[in-house]
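Letters are used for the chains, namely A, B, C, D, E and F, taken in the order the chains are written, and counting of residues starts over at 1 for each.
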Amino acid sequence: MDLTAPVLTGYGIWAPVAWLAAFVAATIVVYLLWKTGESSYKKGTEQGRPYLSGNAEPEKGAVHIRASNLYWGFLQALKGYYDAIVPIHTGVLTDYMIWFVAVTAMLLVVIGVLS
Amino acid sequence: MLWNLPFITVVVLTFIGIVTVLMKKNIIKILLGINILESAVNLFLVSLGYREGGVAPIFTLAPSELMVLPTPQALTLTSIVIGVATSALVLSFAMVLKKKYGTVDINEIRRLQG
Amino acid sequence: MTFVDFIVTNAPALLVAIPLFAAFTIPAVGKISAAARNLWVMGTMLLTAAVAFILAFRVFSTGTVIYVFGAAAANLAVPLDSGGIPIRIIFTVDAMSAFMDVICAIVGTSVLLYSLSSESRNTNLEGYYALYLLMITGVFGMVSTGDFFNFFVFLEILSLASAGIIAYRIDGGLAVEAALKYFILSTLGAILVLFAIGIYYGQYDALNIAMIAQRMQFSMLDKIALVFLVAALAMKCGAVPMHFWTPDAYSMAPSSATAFLVVASQASLYGLFRVVFTMYNMTMNCATVGWIIIILGVLSMVIGVTMAIPQKDIKRLMAYHAVSQTGYMLLGVGVGLAVLGNTTLTSAYGFMAMEGGIFHIFNHAMYKGLLFLTAGAIFYRIGTRDLNKMGGLGHTMKYTMIFFIIGALAIAGIPPFNGFASKLMIYESVYLFNPIFAIIAMVVSILTLASFVKVFHSVFMGPQLPEYADVKEAPLPMLIGMGILAAIVILFGLFPQPVVDMLVAPAANALANQGGYIASVLGGA
Amino acid sequence: MIEQIPQILVLLGLIVSAVLTYYFKDLLAATLAAGLFSFLISLEFYILQAPDVAISQAAIGAGLTTAILIIAIRATGRYEEGSS
Amino acid sequence: MKKTVVLIGSLLILSAFLGVMALTLTFGAPKMTDMDDYFLRFGQEQTGTNNQCTSVTFDFRGFDTLGESTVLFCAVIGVSLIFRKMQAGEEYENE
Amino acid sequence: MSRIVRTGADFLYPAILIFGLYIVAHGHLTPGGGFQGGAVIATGGALVIVAYSYTEVSEWLSGKVLMGQEVIGLVGFIGVALLAFAFGQVFFFNYLNASGSLFGIPVPYGINAGELNTGGFVPLMNFSVGCEVWGGLTLVILYMLSGIRREES
């Protein structure tokens, strides 16, 4: 059996090993290009210090961005959607069972009557 | 048609069971509703196996050759024992929830949401 | 009869009998010592996995294996004097069942290895391991059985064992609340399944799946039974809008058990596919049912992933992703079902969509198991699941971080991990069916990546926080458990085609080929 | 016709006891109604020629389930409050 | 109340279909009885029991009965886990 | 509970026990079997447990014994089924039927008086299941009572 055979998806092909080889080759090319560049960075000088418009650097623990601050904009943009979808997850078992029974009834109508 | 009474009873019991499960807020009442539903299914299975004029499928006592079908009875036995296992587990959950949350009201057992 | 012959012949029975026997004896073995108990559990699991692999090898090399409980011979499905009807309980292990057996064996073994150290701080571990082995029995039984009432019994074993294990850490009542919700919903589902069994029995006097399939007429009663089964099994596998128990149960169960709960809900997914493909197949209106499954799948994908993004609990976030990924499987197989009757469309993309969906079952079990295990490792070390309190763990938990990256990239469908291969198959075949669904699937994939970037950033990145300064790497058994799954994720990502050829295509074939299933039980009907 | 009268009575009793189970706010009374329900359904099983199931239902449904329900009610409080 | 309307509507639909089911099936005259006739005819010789219900429960469908015992075992283990005495610090408190 | 209830339970329990064991033993001949008999005995056990207080009961009825009983029943059940492998048969094959040994008298088709020594492995399974159900259901009641007790203290 050919281990490296590509997957034929009916529309295109996917050959991970070839992709990986190309990826590695591209990385090597990038690395070589990067090597040819000229380094102006000098360790231990003023260059290494963070530049914060003259302010003092804050403490390490304070600069960590906590999880709920991420994607604030995304959640704000989709506020209408989330206001509709989150209250459905009420946490009340009765509501969950009503959803279940209602879906069963709906499927009964769709399959039993319409088809 | 009219003598399909056991089946009609099954439907009515299912209705009452589902109403009890969906309308009541007390976990123990919900469990009673589930018990009614389970009994309805059991009755459904046993009625499916009934033959007009049949006798119980036991050769020691049976006077005639016509017997009711034995398979639904075996299935129902299994179903009954599963039912009591379910009840035991749900009631233990209710007892622990009463101890931890101070209530068995479904509307107030909703710390996991969102 | 040699020993090897014995194992090969009786593999389907041993698959269930070994873990059952071990589970029954654990309360006694646990009295001896903790080490003896661990050895007993682990040995049982390895033996069961070996039997599962032997069985799967036999199925994939020679075709469907049947095992008749209590008959004069293991493959005597139809007694000579019965007039062509199967009367006993039959295990019918075709390629699809063997595929699920392989998944369950791999995930079960690595999760058990992991739980040997992750649960070691808890009390009454005999009960925990007994329930874990019973869950494994339940999954093996559900996917192997060819008898519908037997399916129901294993479904109940699985839901009781799962409910017990979800409530295992009481956690101030939260775990019990999750278990209660899961258990009452699944009891309702089981009642519907029992109604369906009664309907089949009343009409056809048969409980065997192949026999029901052969006698199927698709009358009004069969429609009702179909709806009951589809609703109940879709609820059990966590399809929107009946997914509400999933985040609760997945987040409150012990992490190791959560990784196996994923496989448990996939067993229900298997049941759903078995019902629509094997029991009904062409007798019903495939397009309608196919579209229902597709709609359930698309809803699951979108709502699952959008609900995942704002979550703050790491396991709850992953649980919503499990809902979302289940949508991919439903979408792929649903497309295959919708075009089932049409030969040209099936060969054009329907079969490929089914293969994609089924391959995704395997991949999802592996990487979602891996992700839940890494979440459990983090919880084991820092004692919280709140993403807001985490940060900077990459400095100390390097291996866990690597495993998390592998899992996260795989779930987001980044090449060359295994998630990409199956998602590509789904995208391209679904695009031919209906471009909108393919685009939705890709958007969902991007959102998945986005939310895992959030998790990665807030857990591992950033400066080392003072409160976690002395956090250590997870213990070795946990790392080995995660490593097995990570290795499979990479391996299957790099070499997808052999897996598709060997495992997935036969499984899809077995699912679509109703005649073959009936013939293997009833004999060339 | 005449031999069906006991069956009709039992089935009616089933429905009535199920409704009572729904109706009682006092959980102990509801449990007793459920016990009566179990007993009646066991009688119905006997009428339908299933003695094995009848014994099983009588012992498990009417006996044990009632016992564990009473234990649970002792632990969780006797009256359901604030229900619709 | 939207919820109540949905509830009543789905309950009515459900009972309507179950009612169709109840009226379609015939009580007292099963359509097909071949499997059970086999049990009644051959069960006594093949299992040696006079009670055919037991022969079906323990022999023909004995595996189901094993599963049923397992369900009971699950419940017992689950109840014992819930009421176990926990160590200090074993429970994780949210919030 | 009052002395009358206790005395009643004391007298009733042996009767219930014997009745349950009769149901278990004659499962293959008359209505009944392992589940029914085990449940009847467990109901009797529940009566005794309810009649006495939990502290008294837990002195002479240990959970370990009941758990052991349940495990023995289950292992016996699956062991009887697994023993078929020793005879070179498939799982759950009724190897004892018509073998002439214990429970092995052949039964012809038709109505007969009901010999106790018949039924193949069915009586063995009835005993195992009876043992298991007896232990298991009593254990459930005991555990739930222990839950109440800890809440009250």
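As a working rule, a contact is a pair of C-beta atoms (placed from the backbone, for glycine too) under 8 Å apart; a residue touches a chain by one contact, two chains touch by 3 or more.
Since this is a predicted model, take the numbers as computed values, not measurements.
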| item | value |
| --- | --- |
| Given chain A and chain D, the chains that contact each of them | B, E |
| Which of D-F and B-E has more C-beta contact pairs | B-E |
| Relative to chain E, chain with the most remote C-alpha centre | A |
| Chain C and chain E: spacing of chain centres that average the CA atoms, whole Å | 23 |
| Whole-Å gap between the CA centroids of chain B and chain D | 10 |
| Centre distance in Å when chain B and chain C are each reduced to the mean of their C-alpha atoms | 28 |
| Chain centre separation in whole Å, for chain F relative to chain E (CA means) | 21 |
| Of all residues in chain A, the ones touching two or more other chains | 86, 89, 91, 93, 95, 97-98, 101, 104, 108, 112 |
| Residue list for chain E, restricted to those that touch at least two other chains | 7, 11, 14, 17-18, 21, 25, 30, 33, 35-36, 39, 42, 44, 50-51, 53-55, 57, 59, 61-68, 70-76, 78-80, 82-83, 94 |
| Contacts with 2+ other chains: residues of chain D | 50-52, 56, 60, 64, 68, 71-72, 75 |
| Each pair of chains that touches, named by its two labels | A-B, A-C, A-E, B-C, B-D, B-E, B-F, C-E, C-F, D-E, D-F, E-F |
| Chain A contact footprint on chain C (complex, rising order) | 180-181, 184-185, 188-189, 192, 220, 223-224, 226-228, 230-231, 235, 241-242, 244-245, 247-248, 284-285, 288-289, 292, 303, 306-307, 309-310, 312, 348-349, 352, 387-388, 390-392, 415-416, 420-421, 424-425, 428-429, 431-432, 450-451, 454-455, 457-458, 462-466, 493-498, 500-502 |
| List of chain E residues in touch with chain D within their complex | 51, 53-54, 57 |
| Touch list for chain C against partner chain E, complex | 20, 23-24, 27, 69-70, 79, 81-83, 85, 87-89, 121-124, 127-128, 130-131, 134, 137, 141, 149-150, 153-154, 156-157, 160-161, 163-164, 167-172, 174, 176, 199, 202-207, 215, 219-221, 224, 383 |
| Residue ranges of chain D in contact with chain E within the complex | 50, 52 |
| Residues of chain B that touch chain D when the two form their complex | 3, 5-6, 9, 12-13, 16-17, 19-20, 23-29, 31-33, 35-36, 39, 42-43, 46-47, 49-50, 54-56, 58, 68, 72-73, 76-77, 80-81, 83-84, 87-88, 91-92, 94-95, 98-99, 104-105 |
